[in-house]
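Reviewing the structure listed below.
Chain lettering (A, B, C, D and E) follows the sequence in which the chains are written, and residue indices restart at 1 in each chain.
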Amino acid sequence: MTISFKQIEEKLKTEAKRLLESGQASVVLAYGKGYDEKHPMPYVARNPSDVANIVFNEYCNYNMARYLVRYPAGTKIAVAVKAADSRAVIQLIQEEKVKREDLVLLGIPVYGMKNPKTQEIIDGKTTGGLYNPVLYDILLGDEVHGQAIQSPYDVLAAYELMDKEARFAFWKKEFDKCIRCYACRKACPMCYCDPCFIDQNKPKWGDKSPQSHGNLMYHLTRFHHLAGRCIDCGECSRACPVDIPLYLFHKKVAKECEEMFGQAAGMSIEDKPALVNFRVDDSDKILE
Amino acid sequence: MSRIGVFVCHCGLNIAKTVRVSELAEFAATLPDVVVAKDYKFMCSTPGQEMIVNDIKQHKLDRIIVTACSPLMHEQTFRKVLTASGLNQYLLTIVNIREQVSWVTHDIEEGTAKAKALLNGAVYRSRLLVPLTSRVIDVNPNVMVVGGGIAGIQAALELANTGKKVYLVEKNSTIGGHMAQFDKTFPTLDCSACILTPKMDAVLQHKNITMMTSCEVSEVKGFVGNFDITVRQKARYVDHSKCNACLACTEKCPGKGISEWDESLVKRKAIYIPFPQAVPQKPIIDKESCTFFKKGKCRLCEKACEQKAIDFEQQDTFVQVKVGAVILATGFDLMDTKPLVQYGYGKYPGVYNALEVERLFNSAGPTGGKVTLRDGSEPKSIAILHCIGSRDKNNHEHCSRVCCMYSLKFAHLFKEKTSADVYHFYIDMRAAGKGYEEFYNRIIEEDVKFIRGKGARVAQSADEPGRLVVEAEDTITGKFIKLPVDMVVLSPAIVPRADARDIARLFNLSTDKQGFFMERHPKLAPLSTMSEGIFIAGVCQSPKDIPDTVAQAYGAAAEALTIVVRDKMELEATTAMVNPASCCGCQNCVRVCPYGAPSYNAEKKVSEINEALCKGCGLCASVCPSSAIIARHFTNDQVLAEMEGLMEF
Amino acid sequence: MSFEPKILGIACNWCTYTGADLAGTTRLQYPQNLRVVRVMCSSRINPSFIFRAFQLGADGVLIGGCHPGDCHYNTGNLYARRRLAVTKKILEFSGLEPGRFRVEWISASEGNKFAEVVTEFTAQIKSLGPQTKFKISQ
Amino acid sequence: MLKKTTIDKLPELAAALMEKGTLVAPVKEDAGFNFREITDAKQVDLIFHNTIISPKSAFFPQVEDFVRYQTGKSILEAAPVELNLKPTFLFGVRPCDVKSFQIMDIHFSGTGVVDPYWQKRREATTIFGFAFDMNEAADAAEFYHTLGIGAADPEGSDIFMVRKDDILMLKVITPKGEKLMTGLSFLTDASADEIKYFDDYITKGYDYKTCYTCVDTEAIAREFEAIFDNADFWTKISDACLSCGVCTFVCPTCYCFDICDETLFSQGTRRRVWDACMFTDFTLEASGHNPRTKVYQRLRQKVCHKYSYHIRKYGVISCVGCGRCTRYCPVNIDIFSIVEEAVKAKWYKRL
Amino acid sequence: MTENNPYIPMPVEISKVIDEVDSHDIKTFRFTFLNKEDEENFKYLPGQFAELSIYGKGESPIGIASSPTQAGYVEFTVQRAGTIVPGLVTAALHDMDEGGKIGLRGPLGHSWPIEFLEKKDIVVVGGGFAFTTLRSLINFMLHEDNRSRFGEITVIYGARTPGLLLYKDELAQWEKRDDIKTVITVDKGDDTWTGRQGFVPAVCREVAPSPKNTVAVICGPPIMIKFTLPVFFELGFSKENILTSLEMRMKCGIGKCGRCNVGYKYVCSDGPVFSLAQLEELPRDF
């Protein structure tokens, strides 16, 4: 099967219009035109007339769940969600940042999403191995089947095999590139802290200047804060102007968390975030 | 820009031997913000304390670092020094260079270097300390005593006599505990019942004591001064408010259960009081042995009861009790010696454990005080084996402390009641106590045979069926002995109650390696625990004899009294608080707090912490992603600074 | 001179710190490379403390808490166990030698265990050599 | 004076400059090009469109150390960090970025208190401007021509370079450039054809690409003032904005910075570090008051700063149309569309 | 890099510390310069501010509380910032004593427009802690060399409680003088308070002079400003004749770091003193 992006776009428009007209949603978080076709933008439709601006194509990578916390509690929001995006919504519901009843989830089953910079297909890197939304109210298209569902963790293999010296050298080089623009945390649907720990003066966790140690502190702590919460949308890496493959580290932590705690982030509304939870019979082996 | 005073203690030679204290003080003087640094022989002594007071005044010090023993030892002492000098007590930092430096090394170079690093950490931390105000709370004047043995009874009576209301919780249907099972007590050989039962009765009669038998603590909430404890009243199937203790029911009862009181040596009725002097004198029904509960009909007791007190429908109920302090006196169990198959307990009828023998001696016991074997015959020779499972690296390393003495007592009683030969198999004889050595000498005189060697094995006699053979190495002669006897008495290890760990968890106590409750300090605070307001007395802390147990009960009562005698008390100010400006509203704190102290204010979109419920563990602070939670006295920046100081040199 | 590592310890007040005191009271000898920060509960340990410790030049970090189930605050160490497990994985994936970070449950009565763990951990850190990966170079 | 060399001799040119001082030139990295101090003459690579981070970092580095101090010691013992600058050659700067230096000059050294760091670095540096390759496909994010900057605009450069196939032509623009160029003896004189090509290329650069031209900067400033309070407009504009700092960090004319004391053990450095008006804590006052808590207020500040306040204060637009903010924006916010929408295309002429 | 480097503070020593209020969180620090040439270069007028600089803690912009007529030192009245999380600089400063050395960068910003004020009647309105640069202005105008340059001077100063009034000794002296009208008010008095009770806006309505040739100089907490301005409008003061001082988060203090702008004005270098007429031209972004 092939994905008709045009078809999804049409359905997105139809549903957005219907929801706005009926008042079921006061805002629709979707995708709109950017300065060219390869650069669409996150788009918020507030009126039925806005719907005409909605687009959907293979470059609409944005995780629109990121914008949910921007709206006051109780706002009826319809949000377009691809596979990973829906997990972000679930995770936000778990964390009580949004309420399920305030949301209409417009599920988008899709594969073949591309990085506009490299034209590379990025599904395997950052969809958590999923093509269909985990949770939705309306599915805009047919479920994707038959695509090779790879383990979301396959891409890690090469890095796991590296010896620790090489791995350290790899990450040091990557983190040293960081200019601390914080696009990663701002693009992340789960990074809703304001202020972020790294911005604090008291306690001061890391220096503001983009030097190795402050960068390391910022990124490692951020990985920790997202442990058991990262839903593998890859927005952090995509947002990064200097191409730090943050998603790899997040994925590794997600993998470890899934193995240790038997739960992947954003898969069920009923779950409790793994790091603010415990089981009495958690094994001490996880500390080895 | 603090003004820090550093005071280095020699602790005699305890510290000075492996830390160059004057060098340490000189080092301190070079550190930024340290205004004065001194060393002194005993900082905790009055002149030492006065030195600190004077320096605070003279040098306008605003932070004090005492470099001495563990904070668990003298933090309070020095906090008082600060308070007396008008400084907030939380501006004190203790550097532990005794327990964690001088006592754990012989190398003065290493010791001095480590002490410097620790001190530097303290200076870094000290700069960031802020004055904290203690919370003042109302104190509930009541006390709960858990365990109705001699320790619990004594503590309850003492407290009740001061006018405080006491809840005495006992899981059995009578109070009295192990002591009520004994016949005589060493070394005076006075009758256990004679000295105990008046106290039991006094408890029953005391207007300030609420006796809660057949009860167990099921939940503990709150904190010192304000415990909120849920007690499970187990169903007795007899309404004690109606029962007039005529015991007509017990006569009619056809049911047969095994008497726990008599250490399973005999049977008892299904509706019963454990022993004639039980307090209360009111029966309970044992569901397991009751014919009605087993077969659905009988109800003979019900018919016999004029008071209509029998209630087969009775359920467990839960009672809420509010108290200001708690004394735990939950006592002990004897180690189950069945797993030590070499001693044949449970296999050979001639092998008894110590408590069984106590019952045999007791005139209210299964044999009416006669010493007979299970077949009714009188033993001709008896071996008493000391240290079964205790002082034994494979089982319990500790000495059970009373076995030597009660074993000697047994020997005496055997001699008094039978004509048997009595042999002691012992590792060595421990008779430290008032009149104990004298008692030992007296027993030696009584023609009791002492074999210095631990009983290694008890076997069936090959030559004489029905008799037993005790095998041991006589360590004096070096000979291997096989001694045929009729009766073997094991003196097993005294161990914590089977449910001691559960109780520890309920009350937030630590237990030691053996499972006995941990005291706050082995010497200076043997009755307090790490949980404020929870005290311990008797064998639940460690094996001990009756005089020590009673002494501890008095002590624990006094300790509890120091809390409940006050209307109000100060609590540690080291609670957590939320900086609303940094709170991101993730509610992690709300999710993790074991005490429900944080709550989410949906309107302000920030968490708030109820400091009355906060116990200061700091969990919330570490799960707070935006560092909005300030764990007072252990704030992120204080810990980070201390780490920086520790790692500098 | 032989390599004398700096090891940062973070110990909970009720179990491990008290256990360390007991080691002292019983005069057990162990290497002097460990410098302990006392916190009330192992759950107080913010994972970033550990990252920071390595940045400050710690050659090893040893965390001590009550045995799971024995936490003075009921469940603190059960959370800590999960969180510190993640910390360990993060350190490992970043390329730091995993042996430099250890969590041990040491009760107040386990003075001997404390001494043993410190002795053994110090030896291990010595064999790993100085930690330079995270250490901030000034 | 037009000189030339061949592209394959670039390392030679680089080596000559490295001998005279510090060479800063585009270097290819994972994510793209950036200006770096050259340590190996072969690193210099001119096959690039433009760098990720603008060359402003040559004069206004992301981290500039002011003072080294020791905590616990007297302020009298604190030591200012000396710059000790060697002659610096900023090589291969695109015309729009060269223009940014002039705009930044007004702020840092042209008005009010002079920033000594900017000034000293600027004085020590010789700029090798480098014309865009007009054969390359246009980059949709760029709009420098709209702001009156040619694709081969030599203004502001000390030496200006145009590449023609494998020939690199270098023309002296300023006396500073001339002094340097005379010392580069291995450069050869350009032929008459090449001189003509060079001049034509520069002229052609003014007509290159971009489809608007700015007519009235004052009017733009006024227009933004007029819509300042239109929260709906700004909210809509900022719907997609993540409020990250990418646009400001890559921008050649953003100059906001923070002054931080960074201490380890007792050694510390007071330094300035780039900051961004898009960060939530940028205007957070000690009292807790923050005049710009909302995303739209911050995006408004950024856009208005460039297209209104800067015109009012310094008379010029604080933007050179290099397109970096748009190109690296994680959500593709196009600053030019905002300007266009805000001023309703009135003050730009569509070409 | 020390020469003409506006980012490097000059060293000063604390020569006096005055605990101003009964809550002990506001102190006045008197600084003397450690280098003679710094003292000579530190030419300021009332209304200007300086960055108090403590290495390792940071910098904090504080209005100058002394008057240039007081030679040999400068004074700053500093409130300990932050109730929950203490401010780094102010907390460190509050912990310092006489003899302590810190850094000073300044003078910064524009002063109260002295020339504009000349030959006019002046009403100075202050509330709470924001009285510091007003005190500087009053002491400047009262100096014998300057007094004749200005018309009638009225001072209206209020605080929440008597214990929170700053500069109590000076207030008492002003009250005794006949070339200045001093009206002190507190929101709520205590047992010993015999003065006025009432909020600043109400007191202004009562005692403010005629707007004719009068300039009002107003500094105070936002809530006071909010209710005081209408009073002056009612009294007929024009926006050009009402002056105030703005606060924004600042870093460099010299108009470089881009932080404190309101519209195209930088509060640090174009302010902090503005007339209401000037403020009205700026966007509401503060």
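Quick note on the criterion: a contact is a pair of C-beta atoms (placed from the backbone, for glycine too) under 8 Å apart; a residue touches a chain by one contact, two chains touch by 3 or more.
This one's a predicted model, so the numbers in the text were calculated from it and none came from an experiment.
Hopping across touching chains, the smallest step count from subunit A to subunit B is 1. When every chain is represented by the mean of its C-alpha atoms, the one lying closest to the mean of all protein C-alpha atoms is C. Among the remaining chains, B is positioned farthest from subunit D, on the basis of C-alpha centroids.
Here B-D and B-C are compared, and the pair linked by more C-beta contacts is B-C. With centres taken as mean Cα positions, subunit E sits 50 Å from subunit A. Centre-to-centre separation between subunit C and subunit E, using Cα means, comes to 52 Å. For the pair subunit D and subunit E, the distance between C-alpha centroids works out to 39 Å. Note: centroid distance subunit A to subunit D, computed from Cα atoms, is 32 Å.
Those residues of subunit C in touch with two or more other chains are numbered 47, 52, 56, 69, 75, 79, 83, 136.
Residue numbers of subunit E whose C-beta contacts span two or more other chains: 85-86.
Shown for subunit D are the residues in touch with two or more other chains, namely 71, 258, 260, 264-265, 284. On the subunit B side of its complex with subunit E, the touching residues are 1-3, 60, 62, 130, 577, 579-582, 630. If you check the complex, the residues on subunit B that touch subunit C are 70-73, 96, 98-101, 103-107, 110-111, 113-114, 117-118, 121, 504-505, 508, 510-513, 518, 522, 530-531, 574, 592, 594-595, 615-619, 621-623, 631, 634, 636, 639-640, 642-644, 646-647. In the complex of the two chains, the subunit E residues touching subunit B come out as 84-86, 92-93, 95-97, 100. Contact residues on subunit E toward subunit A in their complex (touch as defined above): 85-86, 88. The touching residues of subunit A, counted against subunit E in their complex, run 201-202.
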